[in-house]
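What follows is a set of structures to go through.
Note that subunit A is present in both complexes that follow, paired respectively with subunit B and with subunit C.
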Partner chain A sequence: MTGGSTTTVGHSFPRMEGRAKVTGQADYIYNMRLPSMLHAKVHRSPISHGRIRSINTAAAAAMPGVHQVITGEDVKAVLPEPYYGPAFHDQPILALEKVRHFGEPVAVVLAPDPHVAETAAQRIVVDYEELPAVFDEVEALTSEAIVHEELKPAGTFADLKHLSGKRDTNIALDFHLNHGDADKAFAEAAHVFEHTFRTQQTMHTPFEPMVALADVRNDRAEIFSSTQSPSFVRFELSRLLGWPESNVRVKTSHLGGGFGAKVYVKVEALAMALSLIAHRPVRVAQTMEEQFYTITKHPNTFRIRSAVDGDGRITGRKCEVWWNGGAYADIGPRVTQKSGFTAAGPYDIDNIDIDSFALYTNRPPAGALRGFGIPQLVWAYESHTDIIASELGLDPVDFRKRNILRNGRPQAVGTIVEDGEFEAVLDGVAQRLGWNRPFDKGSGTKRRGRGVAIGFKASISPTTSSAIVSVNADGSVIVYCSTVDMGQGSDTAMAQIAAEVLDVPLDLIRVVNPDTDVTPYDMSTLGSRSTFHMGHAVQLAATDARDKLRAMADEVGLPEGSNAPLPELFIKKFGMRAGTVVGAANYKPDYAPPNYETGQSPNATPFWMIGAAGAEVEVDTETGQFRILRLVNVCDIGKPINPEVVETQISGAAVMQLGFTLTETMIIENGQLTNPSLADYKIPGLFDMPDVMENGFIEAEQHNGPFGAKGAGESGTFGVSPAIANAIADAVGVRITEMPITAEAIFRALREKAGRPLEDV
Partner chain B sequence: MHFFELAEPASLQEAIGLLGDSGGRPVAGGTAVMLMMKTGVFQPERLVSLRKIESQYSQIRLDSEGNLRLGAMTPLRRIERSADVAAVAPVVTAAMRRLSNVRVRNVATLGGHLAHGDPHLDLPPVLIALNASLVVASPSGERTMPVEDLFRGYLETALAPDELIAEVIVPANPDQRAAYLKHTTRSAEDWPALGIAVALTLNGGTVETARVAIGAATDTPRRLTSVETMLIGNPHNDAVLQTTGDATAGEAEVHSDARGSAAYKRELIRVFTARAIRQAVEGDRA
Partner chain C sequence: MSGHRRTITFTLNGRDVAADIGVHQNLTEVLQESFGLFGARESCGQGLCGCCTVLVDGQAVTSCLSLAAFADGSTIDTIEGLADGDTLSPEQEAFIETGAFQCGYCTPGFILMTKQLLDENPEPSDEEIMHYLSGNLCRCGAYAEIVKAVRLAGQKRKA
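Moving on, here comes the complex of A and B:
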């Protein structure tokens, strides 16, 4: 696909940092060292819930080579309120009084040699009074075990204020949506369906683990972090320190993956506190294993009920979703609300009730992970959709099209859908699968099936992005923005937008790595918001610079429409190659917050992201083992800024979700995580890939997006899991309701169906 | 990580001298040792690296009787690519493709693979089915033992602390057919949930000799002798295969773990025993 009238936007330029990465020259924070730096190693809680009676650091401190041992009380001595978090100020930098999940940081050893620090950290002895713990999100609703005695909303979000000071509950947020009259719809329905689905806890597995270096001295904090949120880290650290934001500098580099793990504050507050105490630069670098204790993907339970009329129209839907947020809220309340309001699926349903609950449990915290809760919802509503179609004897694609949401109709939240090509996306998958052609369903012990699924997501809103575009006297251009390129190709996209507006070749553009002393504010690199929000800001800033260049051309007497090269223009103005022209802009889309009682909003999102998947599988009926013969992913991403990068975003998202569908699961037994390493937590390898994979997007345009574009980083995750479950059901007639989908689960279901359940002895 | 001393002796004899009472533990490729050290289950005081011992221990050759002799320090990748191995024991070559990944195979050695005593490894059942044996060296000289006798329990072997595996011998058997099936339940590259190896000779439509061995689902890799007994002297038709599958159910003690429940693994053994025998019979001579 090419860009039509544009010369840079819409064309597949190679990624700007690609060469440096594949030749091993790209710099990552993980490889960074500061002079006279100390390494920090964390002593973590072995229990899930307990009161700290005492911490004995003597043996660790006495070890040769140890600089200092630091506990939560030491942190409190220098930072009186050492709690952080984007939604709740509930997470202590190091545990204070209580531990709330296994793996929680309790104390730290600082040493010039990381191996000394690690060995010493194991010599710290902590005495706990163990408390009852709760791990399941549904049990957390009523459990005796209370994770936080008192809720502490951060005050950043208006809809959390009512929770302030609430006591003795594990409900961090309840979100309710009422659209139409669901009770009436159920009373009048021809058919009623009810199912419950569950998903498991998983981890982001960025290959560059979380890392931050801090150098705090003379009222100045310099933080080097592998973060997706430099501006938020600056905000939160300046709040903790009580310093102006100009005294805190947060710098990042290319990230070795983020996927939502590195949003908001992760290890930065700890690194800052340690450097503040030790008066030395400190490096906090996690191992792959430690990441399992830091941030994860929400497990959830979703009970979904549908009322359907005699014509196969869904007339009502009731959704109850329980999100397992772990011990600290992180951004879980946002997941509960933002994802909550799409829980009824991309269907035009007049009567909808949604209840969505964020729950505290004694698991490691859960937060944002590529899709922000959406894949967990699609898993349920698209499995449910296929069960209904099958019980009503309707073709799954026809049934979806009969009910699909269309432009001009209100989504459950009350916002009228614009530029949401749901049907075209679904058709795109069906067409690539050859849905209307006969399908070989296999024979004997090898049975084949196929399935589709479609999901959608609203953009996080309202959020702001700022950008600066400066034009040098030789006509080259520098883009300053705090969008973090973590592998999604955002630097290339921003450069393409600036190049297009200023009409300069792409290789004259440089994009500065985020550095809060230099690059202006951005809410964060998350939720597929950067192309739309920062893309807008860069477009506006570049336009501002272009306008200033035009004014300069007028000033030096160039005729209107003159295409004198930029270097000449600067020479004419400054008498030599000198001067800089700077354009700047802020961008924030319109937004209306949802009503607390009804969840309704006339403008809940600036754009909708849509993704569908189609899968063909072959199941071995003797073992339950299955192969994915084909996986097709089609999305509505508006108009692509860079078609090839978009395609790899879609395939990357789909493969990541494939891992969560098939192989990845954090196994928790007796309050312990039994597989915190890549040896036993299995991400998919090359042999786990589908035999054939197709990734594409449909012709579309987001009218309010920069050059018609919108976000594309997550849509490829939406449909994968239920498409596979639906294909398995088509192949062998059994329904898997809990992720991950394992061969054993299928085998057991097959035996159940045959009336010979597998007996465990 | 724990601090330790690393010795790098230049000969097998010297290495043996540093083991046992001298407190050393051997390390070959280090792939298993490092995993155990990282998780803290193994904290050695002294590691004796075998990397610098005589090069004959990392070579592959055929002896005068055509038997395959594999030095204990031979990296798995070299075994995978050896023409001699492909000629004498193509089932070993075939098993390599899905044994972990090429990065591990480049450094992991055959001796470490066997001495580790982990039941979740691919080659033990293969070598047991092929009736391979080990040359074991100690301060008092050398002894030979069948691979089958090496495994005593989970991560437990019959080797004394001051013994090293020096060589593995796979007997030549031109009439033998063999197959190995690996079943994983997590990712495709995972350690097996079940490995099953079959080596047999045929006389017309009848099975003349048979060795069947399983790994991964049981505490130690082991033979399924009841299956062998049912096969030998019988035709290799579907009816017989069915009974062999059924015979497995009672024979081996199977445990539940993250790769599957015991009940499920028992079903897998039943299915894969029959499939492995069929593949050995139908496949090319192996």
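Moving on, here comes the complex of A and C:
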């Protein structure tokens, strides 16, 4: 499918919506208002786990200007099974009987004035019988506190059916993979290593907070949402309503960031239910604070063990990963499985055991966040890899290259790797760092170090994308697809693909914002899947349109290869400027599901994403303060559709991961989140940037990808955290095993190493 | 809440305007609800991100923390007033040409800060650019491109 020389694809056109964004005109859903709409303000649970004894709404309802106060029981009266979720139907639209995490929505005030609704929401009084709560993923395995009495898997995923009705456990899903004979490898190993690593809970903080407007009337639900998943929202709301999908319309726009926060159902079910009850349009718009109670990134604990032979070859690896999924499963079970199977790292290891567990706890739910579990895994396996190299006296890059996965070899899941340029990506980082040149390690109290790390990810499979490409009589083109542009530049990429196939200038192409009444099905904009999946669908749909245009040219008697302009062709056919030529296509790559017992699959993913990072740091040995002198990120993204946009994706991903590495952490004390605000939850600013940052991709081609391309939105996150930890270890000889990496953690480790440990506070 | 209201007048993007406001309302809300201007947008709501930046009497302020009542009699410029008809300002052009945004939610704030910086200091160093813009956050992490955009905008303004 790859063309020789291309005129549009592979060139760095500016983003199509650039003008709207610099003039403040960009049409985010947060800016949308509907005539006669009511504002919803949510009353949230102050406790982490408890039974609701009673809800007193009288004072709120009595406030002047309040339209209505709504509780979970009111929702149940109109929607008998008001639970949603992509993997489990476990999340109530408003709490019913129990609350399972602090910040859970319990009741809502509707009012025409948002300030009235907000004040009234504070006057709702709820009486709880508090229950013991569990916050730690490892404790959740055995704790007395049970978050859900019974598991309720959604029917959508066949491989979750065995969990149906399982009682009194916090394990939402366990995934196991066996490749070769790990026990034997460990018995025969020259060296055995074991370490445990942990990551913290963080939040996406998209700057456009989660928002949905709903207008439900006369068997018709119109939903306007800042969602990454319009097709799934339609599916799930139509299921809740018991209506055909054609009665539900989900429309979105450009998103002010998503990063995985806005996948599947977030505030849409609540907005729909409120409008259904109130018979008025309703706007549910979160604040930055409320986002922290809605969806987060999984904290995890990862115990990793390796068997290594006398030549520095890793012969066996055992991985146990516990994912803290919070109170509702969201897409956590998929993180457990899809990310779980790469837990042993991008290495060619013959014998691997992986056990990966999704746990319910009483934290806010965890779901997808840029990397879908991968950065948490890379943190562990690449820190572990460096410790092994150092204990065996091997160079960390050489040790990795000795073991790296190569094309033609099976990955742990049993799938043979194709178009995965692991070694070239690692070499790319080493080269940019000047790894083979002498390195100044500093002196006195300022010590320098450097480190590398490489991670990878499989695409989410099997998933489908559909697209329509229509050619107007004047030769302009409209692309209809449900891929959501949340800043990654997908509109521009899709337009470039259509322009290339149809040989039409880019400025004649328009990409329609997703609207399920108009744009066809797409699984979702997530997991860096759009360029590959929707890129294919648009390419096929445009090819379909091109074939029809050729047939039309034949029909009107134009000689073969005549380059008659499109407007002329339409006039010849229709006698005037009239008619439309429509191309359409569905795309779904091949896939083989993993065997339930062994986790093995001959075809687990259509492509592999690969990202590596290199870091140079300077650590102050007296304080633990450190600076990142240099951060290098190199990825295999196949052939880029738009090189400059891809580069900003890589750097943006790395900057975000830098925040998760250094400063971002949700602090929970006594069952309360103490920092749900950008004041105390510190995301990266200009002065948090490394002194030097380089981002790039290697020359590569994904042969089954559209024009050789594959996903690029997450790969820049993979290596950042362990590369920094490895650089710190190189500088001052202490190993940080828990994120975030703070000056305090380093200082404590330095004191411990010096035999003068600090007291715990 | 809705009880206390008053009428304020001010100059908005060069025009004299009046608005009936609640005394509790912040400037972001009034620009959105009374004038349909959504370029200044609330994100953190606490003066920490700069998405809601506007210029009041030539000074950049976070409109989420400014009571609209205090705007009475002032001159307010928003991102919507920056382009001259169809002609983008040099700052806007520079942001497009350097790709200095992804989702674009923070972009109006950064562009207004860039304009104010270059008005005060036409040739800022990178360090000065970073200091000046450090009160604005970009969750998409377009910082490197933003610094480039400011440099380019400086050149464009001189040309």
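We adopt the following convention: the second predicted complex is superposed on the first by the 755 of 761 C-alpha atoms of A that agree within 3 Å, B and C clash if a C-alpha of one lies under 4 Å from a C-alpha of the other, contacts with A are read in each partner's own complex, and residues count from 1 in each chain.
Following the convention adopted for this analysis, a contact is a pair of C-beta atoms (placed from the backbone, for glycine too) under 8 Å apart; a residue touches a chain by one contact, two chains touch by 3 or more.
What you are looking at is a predicted structure, and each value in this text was computed from that prediction instead of being measured.
Peer 1: Is A:Asp760 contacted by the first partner subunit B, the second partner subunit C, both or neither?
Peer 2: The answer is first: A:Asp760 touches subunit B but not subunit C.
Peer 1: Now for A:Ala743: first (subunit B), second (subunit C), both, or neither, which partner does it touch?
Peer 2: After superposition on chain A, A:Ala743 lies in contact with subunit B alone.
Peer 1: Now for A:Ser677: first (subunit B), second (subunit C), both, or neither, which partner does it touch?
Peer 2: both
Peer 1: State whether A:Gly256 touches subunit B only (first), subunit C only (second), both chains, or neither.
Peer 2: second
Peer 1: With both complexes superposed on chain A, which partner does A:Asn407 reach: first (subunit B), second (subunit C), both or neither?
Peer 2: neither
Peer 1: Regarding the shared-chain residue A:Thr119, is it in contact with subunit B (first), subunit C (second), both, or neither?
Peer 2: Both subunit B and subunit C are touched by A:Thr119.
Peer 1: Considering only the touch criterion stated at the top, classify A:Pro209 as touching first (subunit B), second (subunit C), both, or neither.
Peer 2: Touch status of A:Pro209: second partner only.
Peer 1: May I ask you to decide whether A:Gly685 touches subunit B, subunit C, both, or neither, giving the answer as first, second, both or neither?
Peer 2: both
Peer 1: More subunit A residues touched by subunit B or by subunit C?
Peer 2: C
Peer 1: For A:Thr580, decide between first (touching subunit B), second (touching subunit C), both and neither.
Peer 2: Neither partner.
Peer 1: Do any residues of subunit A touch both subunit B and subunit C, and if so, which are they?
Peer 2: Common to the two interfaces on subunit A: residues 115, 119, 677, 679, 683-685, 687.
Peer 1: Mind listing the subunit B positions that touch subunit A in their complex?
Peer 2: The touching residues are 1-3, 35, 38-40, 98, 101, 183, 185-190, 258, 260-264, 267-268, 271.
Peer 1: Going by the contact rule at the top, pick out the subunit A residues touching subunit B in the complex.
Peer 2: Within the complex, subunit A touches subunit B at residues 115, 118-119, 122, 622-623, 625, 662-663, 667, 674-675, 677, 679-680, 682-685, 687-688, 742-744, 747-748, 758-761.
Peer 1: Can you list the subunit A residues touching subunit C in their complex?
Peer 2: 14-15, 17-26, 28, 30-31, 65, 113, 115-116, 119, 205-209, 254-257, 259, 287-288, 486-489, 644-645, 648-649, 651-656, 677-679, 683-687, 689, 693
Peer 1: Residue numbers of subunit C touching subunit A in their complex, please.
Peer 2: 1-2, 22, 24, 32, 37-41, 43-46, 48-49, 51, 78-80, 82-83, 88, 92, 95-97, 99, 101-108, 111, 130, 133-134, 137, 139-147
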